[in-house]
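The structure under discussion is supplied below as structure tokens; questions concerning it will follow.
We call the chains A, B, C and D, going by the order they appear; numbering starts again at 1 in every chain.
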């Protein structure tokens, strides 16, 4: 690999890390706080992508401006889904919530398919694909913008969890649900808020992905898997871990992809499994 | 009596139905076989294995590759070889990954299955990669039906014996409390490994039969996560950790999916999603809790209100 | 090692187990610290020590569940320091767990049969024979009637018996019993003592950890005392009770002081007038009224028809053995548990149907057992979580200052993670978190648990101060003496019922209570 | 109670559904195409192509077999774009619906699954949408494909570029790891080498890849003259998008699948310009066949008249119609509905159609019909630019660099 190529690959990995961090952010929050592996996370991402697509296609809204709309819509949906459904089984064993969210994913994806068809869509703006060159390395504006949006949202969530009253209650509930109740936390509400924030972040990730990859209703599954892997790599517990996990995943994916594209997924998963065995608490996580 | 009648009906079935219907029944039996296998590790031992399709694929490829190529091994020895290889792989992989718990075990098994699928996809010299291999053609549908039926009956007997055996008790103890199990003198590593290997054998047999029946075997079709999910869903519908639950669940799943498939062509995944949600929310321990209750002394029969009680038990306020 | 003067013939001089220099560290903290211990073949060795002394960790090390950081264990001439835990059972050791670990979805008989299958003689038995043997064992522990029940449906005392039955079914030569009597009532304790003695007389060496003093004094051939992970005394029961070091460690500093003043014999009976409190004026309003409360977990009922009253500005002590239902009562008041029957009124308002957050909003603040801090939050964040429901943001800053003033250690550690605090600091933080909620009624569950006497004293002073400033307190304490000395009135809870109530001073002088809780 | 429940469940299962037998004087065909899922769109093209040909033949009185006229009917099932479903559905069509002949599914993977089933029951299948030669390498006697094989897909792009530019030296090929695309990729690479070009990059990526920037970055470093992509629509879109992102600007870019579909421009807008796409058929081609429509143009007009929603006719429609026409011709030639005899008649076919020559080699694959190349041009239209003899317009070459465009 030449230096220029290495530089470009490095930049690609950095740009990918940002998006993947956002993809995994909500997933990690829901898993860490509620101990739910939300397999419907990918479906939420897809919904975000469709919202951005239709706002752009029908109303001409700039895709970046549609991000708040997608977040709000998914936040609302997340709240409803949590209160109406997830909350009913939240104390059931692992397998139950796993399969419940799988059923939900099946349902949402199929409904999207039914209403919007399996056609591939992409959001193409006049600035799509444009960018600037830094030495031999090319940086596309959209990808850079996506990185920026991801970082802003990651930082915003970190701030929210750290410094707001609700954020603190979310963290407290994740650590000790009964003790949280004893400080007056309405756990059902906090769980709904947590899940809704997770869904909202998925919506934002979907908006960004719609500008970057052509998508159809089945886009999400691959990203749920990635989010899962990122959480394992980084460990649960805080926002920084998600960023670390996403960066590791992105660098492995991009570098393996450059050398062994046909085996990239196998290698990534092999590394993941190996890591699980050697460091079950994640690379960044601390053992408790 | 009911059981003998059912057995007679099952044995006579190929004479009673069209050969396509028979294919549907064979598929039900194959799903039952996979679910029976999953029940050992997921049901009795309590480890949420999400990668059992890997053994389905290994079974299919081993059976297939031995039957074609230079060896031309007959079907049953090839099937046995597939089952054996699967068991070995399960033990080798199981040693490290069975140390993981909960979600982490689930993702590790999922990861192993994905990685194996990719290996099959790229090992051109052995598997012919994504192109796939074609087995010898055998057109007698009864053969596959009876083979699958035989294995399912064997599976029922094996499950029944397992549940009453020391290994069964050991596995259940591991499911309930791993520390307690160790203190009771149970070699947890060994027993988890055994349960995992048994589940791999069942999946491999199912894979081998399916391969011979479908003829064309590709990584895309035989390493699909859908199979893993189907076996789990079937087990849950029937009743996790019960002898007949997986078979019952597979029957219901196959029946529902055939029915839904015919009635809601475009929306059948939605309906399937609803069914999964229904079972998880209202009947998390499966149909066996509805129909199997009276068999245990001291238990009251199932009431409709228990459906709501199941919800209340797991809700958070 | 202090040997028995004239050992009964069932006890041999040869130890069945020799532990040398056992140390177990968690993080930097040594839960067990260089303990040497021999268990003689045939004896019943009792182990004493306050909560957190490292007793359970020691048993975990002996049975392979925890690997000791240092030290060696020899069982019957064989080094088992590195033996995997499942092999321990095959060698002839078995244990019960303090926090019971039944195989929940199995029946009682299946639970016991599992032990019979994998224990020392498991190999000789087929699965069917093991089931048959399980029935024999169940007869022995008086659980035969319940053999077909699922373990989930048992009550706590039955679960303790099941724990014992599982261990017995393993045909052990050495049996570790970890608080099998906690939560049993008097007659049940007596039956349990008989049972343990009969097991021992059938040739099983027994290592028993027990809080019920009367029981452990009654059955042990020898006693060992652990404190902060160290072995501080070993000897005959009589010697141990008289040892000032033991009294100090186990019963608290004040006892030790008094013991020195009054001579060992009388120490435990000295009335300590200086700590007595007069009940507040009888006319005071009832702040909390509990009437006919029943409650429990799932199908298991723990509390039966409990009535209790806390008046404005009072400190009320709720005492009772482990497992008597004290925590269950508090959880039901805070609505972490749903009552099955009865009512709870607070400040004249019926709060039986309220949600936990509404209870907190009304001014009932519960400092739970084990502190239950948010380990990943800083001390300050923990305190601030206490103001979660408050809307008077202007006063929060001054309240935080007040808590820091009351508990200066918290101010020093404000930015540390709560999980890194010492036990005493954690309790301070938990109380501080409670105070930040501006309670009218502060409920504290096990204030002194696992804390050094000095720390307990300062916390008690704090409670008294808070109370004098106007906060009503409901105090649950394992240390009966401590609780009754600082309370105005007391309630005694036994197997889910209130069995006695009155002014704290009267209860303190009641010989029945002394006997039940101090075992003397 | 448990047993009773199981018995009743099975009895219920037994009672499920019985299908009507086809009416007299009708030849029943069966097809399992993807109407939902990943390839729903292509499956729809396939079905519409079959239906259009069937309606046309029926409108002209049907097929004459030994002096008797038969109408044709097609029974469809949806394989949900899952190839293992295809196997079950072909079994169902043959055993339960008792169809006489099979029309192929959409795609190489399901065609590969269907072939052994047809072989098992000795029912001839003519498929129009599975061009991987691996389907035909197993020695099956009952499967035929009217379309050109996968390895020829990108040959035209190489020929076209070399005819316009003698300085072309290097080619990069990237493909999806699935049977069809794998053959397209290796076929293209082999042909390029044969022509004296240097293949500087040749890699496969897994199906469902969401990011090819790693591959494109490597390609960029090698700066090839031509970039060829062998995948499906989604991959082609992704490659173009990310090529622009990364500034990969070869002189020509060509894809096996994608550019011929209207969604290609809908998704990429102006970025689709100058891209070459291979196609089995376009209406600009100049064949003169022995079938109801004679020429591509005639076919296109007739088809649009019946299916006004189609603006541009995808080649999948035409090749599917051609499969039906081939069947009709073979049945008439055989003079019987006996599957084995019809099979022999299919093997012996050699005739010209609006779709091109239909003739099968010994494996059952149509190697006699050439592929055509289309190009999307900046006027927003798509033109057939190769072979030169049938070109509508001259190809625009070279492709301007991304940042040199307006």
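We adopt the following convention: a residue touches a chain if its C-beta (ideal position, glycine included) is under 8 Å from a C-beta of that chain, and two chains touch if they have at least 3 such contacts.
Just so we're clear, the structure is a prediction, and the values are computed from it rather than from any experiment.
Participant: Touching both chain B and chain C, which chains are there?
Facilitator: A
Participant: Based on mean C-alpha positions, I'd like to know which chain lies farthest from chain A.
Facilitator: The most distant chain relative to chain A turns out to be C.
Participant: If you average the Cα atoms of chain A and of chain D to get two centres, how far apart are those centres in Å?
Facilitator: 36
Participant: What is the distance, in whole Å, between the centres of chain A and chain B, each centre taken as the mean of its C-alpha atoms?
Facilitator: Here the centre of chain B sits 31 Å away from the centre of chain A.
Participant: How many angstrom lie between the centres of chain A and chain C, each centre taken as the mean Cα position?
Facilitator: Here chain A and chain C have centroids separated by 44 Å.
Participant: What are the residue numbers in chain A that touch two or more other chains?
Facilitator: Counting only residues that touch two or more other chains, chain A contributes 113, 262, 265.
Participant: I need the residues of chain D touching at least two other chains; which ones are they?
Facilitator: 36, 177, 206
Participant: List, in ascending order, every residue of chain B touching at least 2 other chains.
Facilitator: If we look for residues of chain B contacting two or more partner chains, we find 118, 121-122, 266, 317.
Participant: Using the contact rule from the top, write out all pairs of chains that touch.
Facilitator: Once each pair is checked, the touching ones are A-B, A-C, A-D, B-C, B-D.
Participant: Would you pull the chain A residues touching chain C in the complex into a rising list?
Facilitator: 165, 168-169, 171-172, 175-176, 178-186, 237
Participant: Flag every residue of chain C that touches chain B in the complex, lowest number first.
Facilitator: So the residues of chain C in touch with chain B come to 63-65, 84-90, 94-95, 97, 101-107, 110, 113-115, 117-120, 122, 127-128, 130, 148-149, 166, 170, 355.
Participant: Note which residues of chain A are touching chain B in the complex, please.
Facilitator: For this pair, the touching residues of chain A are 31, 37, 85, 87-96, 98-100, 102-111, 113-114, 177, 187-188, 191, 225, 228-229, 232, 262-263, 265-266, 269-270, 272-273, 276-277, 280.
Participant: Can you list the residues on chain B that touch chain D in the complex?
Facilitator: Interface residues on chain B, with respect to chain D: 2-3, 5-6, 9-10, 13, 16-21, 23-25, 27-28, 118, 121-122, 128-132, 134, 137-139, 141, 214-216, 218, 220-221, 224, 244, 247-248, 251-252, 254-255, 258-259, 262, 265-266, 287-288, 291-292, 294-295.
Participant: Residues of chain B touching chain C in their complex?
Facilitator: Listed in rising order, the residues are 164-166, 168-170, 172-173, 176-177, 179-188, 241, 296-298, 317.
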